[in-house]
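Next come two complexes built around chain A: one with chain B, the other with chain C.
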Partner chain A sequence: MSEAAIVIERVAKSFGPNQVLQDVSITVPAGQTLALLGRNGAGKTTTIRILLGMIPADCGVVRLGGLDPVTDSVKVLGQVGYLAEDQTMYPWMTPIELFRFLAPFYPTWDMKLAHDYLERFAIPRHTKISRLSKGQAVKLGLGLALAHRPSIVILDDPAMGLDPIARKEFNRDLVDNLQVSGATVLYSSHLLDEVESVSDAVAILDRGRIVRSGLTESLRDEVKQILLPLDYARAKMPPEGLLDVRRHDDRLVIIADHAREFIEDLSAKSIDFNVVDLRLDEIFEAFVIGRTQDWPSESASQAVTASP
Partner chain B sequence: MNNLIWKQWRESRFHLSIFSLWMILAVCYSIAYELGHQFQAVVGSFSSSAMLYSVVAAIVLAARAAVGERTDGTLSFTASLPISLRRVAAVRIVGAMVTLVIPILIAALILAASMVTGLVEQAEPRNPDAYTRMLERPTGSLFVSLEQLASVTAIAAFGGVQLLLVLSLCGLWLRTQGQVGVLGPVIALVFILAAGVLWTGARWPTGQLLYGAILPQSLVIHWGYGEATGGYTDHELARYRWVALGTAIPLLLLLTRCFVIWYVMPISKKAKPIRNRISMSSIHSFLPMPLPHRWVALIWLELRQSVPVAACGLLLAVAITIAGQWMEGNSSQDFGMAIRSGLPHSVFFVGMLWAVVVGAGLFSTDLDSRLGSFRRTRPISPTIWFWNKYFVGLFAVIATLDGMTILVSWSASRTSGNSGMSYAYIACFPIIHAFMYSLAVLGTCMFRRPLIGGILAILCYTIGTIVVSSFPGTMQFEPVDIYNKLLSTERAGNASFARADYLVVYGFFVVSTIFLPVISSRLARPLVPVIGWFPKFST
Partner chain C sequence: MYIRIERGSSSPISRQIAEQIRSQCLAGILKPGRCLPSVRQLASELAVNVNTIVRVYERLASEGFVELRHGEGTFVLPPTKASSSIAELRGQREQFSREFNAMVTRGLLLGLAPSELRAMLTTAALEAKSMILKQKQSE
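Let's look at the complex of A and B:
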């Protein structure tokens, strides 16, 4: 888990006047599954396109398996399994024909494994891809992404557009197969329930910037919801990592990053407070749509933003 | 309703601007050419430009009118609005008709103004019973000249609108604008061939009246002539042209009505039954055919995509040859021999069109944002992908269209001037077809739209040959004229392919076929087109 399989360092990208990525840095150690979270338009797909060498970054460094995806694009793509959001494949081919076509491009292609995936995912072998259902097409895409036993897997919102049951089924297949493969995975999504079960680490991308990254468990440990008396809060400055503030009767409900110090301070002062553990979707929500303006003291009404 | 018209205006104004510019430039060229040469053939020149324009505009506008909302994904949104879809369809098709006709009218007005002011003059109309060269004909009166102009303008407008409606109706059963783009030239070609039927032999005015009501394009015929100082276009009009155009109106209204009614029908109801009947599981899938190397895989991929399309072109050429032989009623030789003998002539012009279809179609699928992304994320070198695709597609065009024709027609009889196979054909037409293919690839890589790429390729070639044949100093470099000269010398028994005009023109084509793809390969590299009207990028 120590050597980095995916490195993105200080990457920026603009399309005309539209700055899509700013100073983005992500490192994924080998064997880790990182969930790249962001709302629609946050820059997830652009990040992945830069990672795969499909578009160049304006500045910064990108490495996949130690290789530059722009100068060594064929080598990089040979070791990456990629499944895109709403992936289109040659509609006139059948799954078998597509496997036969792609096999020579991947030195590690395992035809037996590819056939196993067809079997496991119940994909008809000789039906044209244009006639597969959306769920079958997504699963075929997953089979294609994994059949050459890639060391790095990149999934870009793969289950988007599937109905909830098909999404759950797809995720189950994904978890089963990724755990077996031991590959490094970068999983981009805005559907948190999809990634919570598979991700070792999380990076939250908001309006082109990484606002938080870290191991999933440590993120859960460090970001907490705290209920504290409103009167106490009035006399205090807001905590350093304040992400969200809401009033509930005479209590203040806050979400704070790096909350341990603040909690210790509350305990030391014998303040009546409660700490609530958060799910990943609640943490993500606090980072991207949290509001801190409602902190009840005048001094704290100055802008306090989420610390990266 | 006003909002619908406003929306249609917003969607059409770009095409209207481009088409108006096209026709204004065309009429300016006709006037300037007339001023330079004084052939008194400005109406014929304008008419042939307007007819070419109306065909291209009809194809582009039909693709938008019939399939535009489906391919843009806005049809379901439009259907959810509290507006009758029939009204939406009516505004779309009428908007397309107006967009097609306005540029012709603008150009006709410019030409009429230059005639009224005496800047240019038109010779008296051609007399089919006593043909005289235009230079020998007296100048026509202003009234007669303006009537001639009004006639060719109306015929071009009616012909364009009819083609637009027929294509739009067919387009309702198709799924992509590219499919309309392929069908469009085929139907246009059939219309052009059909339009000439009643102009062979003695004139039959009543027959032309009835025929013209169904096919307005048939109310005028053009002839190109060459003089020592340059070429000109003469034209002849059907006698009862205005009556025929009047009787064409109900048919056009009926076609419009059909479009409005069928536009509302969901695509699933229209297209699926046909698809289900003709589709079957891919036979290739069951064949245990391994692809041992990436080169083999890439060649297999491109052959699978290009050969069926090119074969359709060959079948079209065969169909046209059969229709031509049947219409001519040639009984001096057996039918099979007559077809083999006439095939090279059909393949010549169908091949020019089909080379464009193959080039544009082959590259557009792999360059669009969806399938293009799939290809770009596989370990396939972009350079190898491009050149393999280019050469396999080129091979498919040359081998399927020209190769098969040479094989089939080699031993066919060579009774008339251009029938049967010849060394002149082998020396000229595969090269022209390859050049057209490379132009279409360039246009498609540039704009990432097969329809625009294909039309640009055809326009480039057409404009190039018009310009070359317009001036005494360059007339000898007209490519088909060179072929005709080579053929006549070959048939006379003293063929020589070392002629300067052949080496210059066809050498240029060969060099272009090699160097144009170098530019195309650079244009094809970026994910989004370098040149484009609506580059899209999602984050």
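Let's look at the complex of A and C:
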């Protein structure tokens, strides 16, 4: 495997008394696509800004294509395409004027490619940017981010504000224009349905911490919902990766990470139980708002330790 | 090649794609020698990660369903070892039967009577039959 194109290692960041990021580590191997998932305010944009060297981290290491974005900012920005959240572009310019304005900043700017993107994304050339639809503006932003043929692309919530069809088109553009050319992509999102089909890996950011990361598909193999009899659970320790517990009459419905051992144990004891595959949004929910207090115990005071 | 992805399904996308190609090979809808769409093409058509499609094709190749010819494309293989494809079919049927049992359990838990489940099965089978027939004709 080639070396990682994007590395974030043990990064922390506070704004005044607010710790926004704690011990955040993310690695994206070259040519892969990672989706950074989190609710609003989880720290996605801060992570991306630190990654691009736009704000300094309090501690930790950040590398883009092996380079430090703070000390090597010119070189780094030359090989990175970036689409900001809610990008405010110069609204009085037309796309063509914007291209002419931006091209000199990038040594590798490809004007023909930029025009190709306008064509491909069906963006009007001579309409003021303020008059473009949200979808057109996002696509224009993407075109701008890609017109200098970056090997690393960072997109901050590109799907935000797009309607369902524009989102699907955007996903297709991501596949067509980035993955096919071998670019490494990190993008943030809180729309989980769309993430699964385009990302190799996901990282779940919650209140400034990475609570789970992994390949999209192995995550679904490893996190399972299990239905088991309440009476049986009462006499048993909860599994280590317990994420969520709900009681339904005489049954317990739990979600657990790395649950294989626990499930094997259940099978060996011929307990009447059920294992359910979860969708990515359910897995995300379990990590972010899962509650583990309800594990039944004989003595109510017995504390239950919860991962992650 | 007709592939339908159910987004937000609890079955991973690569599994959905692989299973549909496999069953189309087994059912003879995809004939031996037929060239599958390129990785790029299929990824773009389905708006699915390129690496996912690569993994699906590689898995199908390792299972003997298709052959990856460098620079030429991915081709459906004839069921050379009938036994291996029969074993494959048996495995798939077992898997299906487990899924079916789980569905039945869920239906019963939802309060559906066996007779209602039976009626649902009859309707679904009729619909599916005519869909498969149409697909075969258009191939």
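Throughout what follows, the second predicted complex is superposed on the first by the 295 of 308 C-alpha atoms of A that agree within 3 Å, B and C clash if a C-alpha of one lies under 4 Å from a C-alpha of the other, contacts with A are read in each partner's own complex, and residues count from 1 in each chain.
Just so we're on the same page, contacts are C-beta pairs under 8 Å (C-beta built on N, C-alpha and C of every residue); 3 or more make two chains touch, one makes a residue touch a chain.
Note that the structure is a prediction, hence the values are computed from the model and not measured.
Colleague: Contact-wise, after the overlay, does A:G78 reach chain B, chain C, both or neither (first, second, both, neither)?
Modeller: first
Colleague: If you count the residues of chain A that each partner touches, which comes out higher, chain B or chain C?
Modeller: Chain A has more residues touched by B than by the other partner.
Colleague: According to the stated criteria, A:N274 is in contact with first (chain B), second (chain C), both, or neither; which is it?
Modeller: It touches chain C, and chain B stays clear.
Colleague: Considering only the touch criterion stated at the top, classify A:S197 as touching first (chain B), second (chain C), both, or neither.
Modeller: Only chain C is touched by A:S197; chain B is not.
Colleague: Give one of first, second, both or neither to describe whether A:T127 is in contact with chain B, with chain C, with both, or with none.
Modeller: first
Colleague: Return first, second, both or neither, reflecting whether A:T45 touches chain B, chain C, both chains, or no partner chain.
Modeller: The first partner, chain B, only.
Colleague: Across the complex, what residues on chain B touch chain A?
Modeller: So the residues of chain B in touch with chain A come to 279, 281-282, 284-286, 289-294, 296-297, 300-301, 304, 370-371, 373-374, 376-382, 526-527, 537-539.
Colleague: Enumerate the contact residues on chain A facing chain B in the complex.
Modeller: 15, 20, 41-46, 49, 52, 54-55, 73-78, 80, 82, 84, 86-90, 92-94, 96-97, 100-106, 125-128
Colleague: Using the touch definition up top, name the residues of chain C that touch chain A in the complex.
Modeller: Going through chain C, the ones touching chain A are 5, 7-14, 40, 43-44, 46-52, 102, 105.
Colleague: Which part of chain A faces chain C closely enough to touch in the complex?
Modeller: It is residues 31-33, 168, 171-172, 175-176, 179-180, 193-194, 196-200, 216-217, 220, 274, 276-281 of chain A that touch chain C.
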